[in-house]
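Take a look at the structure below.
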Amino acid sequence: MRRHVHRFRPIYGDTDMMGVVYYANYFRFFEAGRTEFLRAAGFEYRDFESMGYGLPVASASAKYHAPAKYDDPLVLEINIAEVRYGSLRITYRLTKEDDDTLIATGETMHACVGPKGRVVRIPDAFRSKLEPDDDASS
Amino acid sequence: MRRHVHRFRPIYGDTDMMGVVYYANYFRFFEAGRTEFLRAAGFEYRDFESMGYGLPVASASAKYHAPAKYDDPLVLEINIAEVRYGSLRITYRLTKEDDDTLIATGETMHACVGPKGRVVRIPDAFRSKLEPDDDASS
Amino acid sequence: MRRHVHRFRPIYGDTDMMGVVYYANYFRFFEAGRTEFLRAAGFEYRDFESMGYGLPVASASAKYHAPAKYDDPLVLEINIAEVRYGSLRITYRLTKEDDDTLIATGETMHACVGPKGRVVRIPDAFRSKLEPDDDASS
Amino acid sequence: MRRHVHRFRPIYGDTDMMGVVYYANYFRFFEAGRTEFLRAAGFEYRDFESMGYGLPVASASAKYHAPAKYDDPLVLEINIAEVRYGSLRITYRLTKEDDDTLIATGETMHACVGPKGRVVRIPDAFRSKLEPDDDASS
């Protein structure tokens, strides 16, 4: 499993006076999508944390192609782009559900931090959820 | 010391598509004002927390009299309205600096929680910062 | 139709350093629930706005009974408590889905503002969605 | 004038359950700094908007070097890195005031949009505030 699709609609509180979603709030959407991805992959992030691990964001970026508006039905596609020793790269693609307009693309890099607060190898039980199945095409 | 004045301007991210500050964000302003109040009173909230205490919000309310807009110069007046055994009532009054328009009023109730997670008497060192001086009129 | 139930989970960005949902963010949840309520009632708030109407929040309050945490499965019950000439009172009740713990209760008052920016009678087409059916018990 | 320094402290509402500032909120800080920069340069962004112009964010990125915590005294340095025909590149450098720890660096690209909603040349009156003085070294 490496891809996931998350559907949602921006609320009033996500918008700004320009009438569109405020640029920082796309990173909230990305986070919501990440959590849904992990849950769908059979991995609860809160369990991961209770084992003493964390995936703090090392860097984040977004390109804004077209504005999203209040209550737009949006589709966020989350891709695990790269799994390294102690880090993870996730990419995002946000579109409008009704006409496929590309709204935004983005990327986050995460370090895997262990119980002692240092970067550690991503645990195998977690890694296996992120990597594609040998015989899977998607 | 029981009153404090906090000056600030809303940012773009505080507004919504109606062109005014989003209703939930006034509670962020109230919190910023509370912290500034405590600092001005010679009390750092982070020190209070590092001693194992906390002042979680038990209830909060706001009345919206007139909309605040992006970059408006605002004045938030914070009043310690009541200091009880294990709780605190704070009131807020937000106006526009240039013409004194009343923007919002509000109130928060806080419980004082001790190191064991239970409601405790507000420590004297903290209480003394919140109560008015014997001979002070304001 | 007067009641609606909205299910969701808080994201990381909703929490604060106390490890629980930040007090202002419950008002974001309330707003998401209001929009979902209106949609379920056959009323899109964005259509209402495109007709020149609005329902700005006149006052808002919340009581925090127990903390909600990251990723908790939450149930928000929205009730239209009162429909007056030019205003609306909505109440909220937030519980944890798995054990029914009461998390928060709240209330918002809304004015109905018309195309000229003044408080007007809530339009009948909208009013009828908010009032209970004559013969309905819930 | 091409550089500006903005001082502030994160509030509780900026943090998340990891005990540090939530990654999306750094983009709020960047925005606050941009507005302060423009004001210091003798340019009010709200005036720019009332003339029908806007500077929507085309892309944004941040690298997180060390976590910022609640109430940390932070220093945000804003640099106008590039002024093109119809776009602007701004860079950010956030440090802790007391020990100069590097917290985050970032960048935003802005398009200059005119009254008709299309990308236009940045107006000269605005451009002149962003470009360095001929004889200035900083």
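Should a chain be cited, it is by its letter among A, B, C and D, assigned in written order, with residues numbered from 1 in that chain.
The rule we apply is simple: a residue touches a chain if its C-beta (ideal position, glycine included) is under 8 Å from a C-beta of that chain, and two chains touch if they have at least 3 such contacts.
Every value quoted in this text rests on a predicted model; they were computed, and no experiment measured them.
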{"item": "Which of A-D and A-C has more C-beta contact pairs", "value": "A-D"}
{"item": "Taking each chain's C-alpha mean as its centre, the one farthest from subunit A", "value": "B"}
{"item": "Mean-CA-position distance for subunit D and subunit A (Å)", "value": "25"}
{"item": "Approximate Å spacing (C-alpha centroids) for the pair subunit A, subunit C", "value": "28"}
{"item": "Shared interface positions of subunit C, touching two or more other chains", "value": "12-13, 18, 24-25, 27-28, 31, 70"}
{"item": "Partner subunit C, residues of subunit D touching it in the complex", "value": "12-13, 15-20, 22, 24-25, 69-70"}
{"item": "Residue ranges of subunit B touching subunit C (in the complex, touch as defined)", "value": "18, 23-25, 27-28, 31, 54, 56-64, 67, 108"}
{"item": "Contact footprint of subunit B on subunit D as seen in their complex", "value": "9, 11-13, 27-28, 31-32, 35, 44-46, 70-71"}
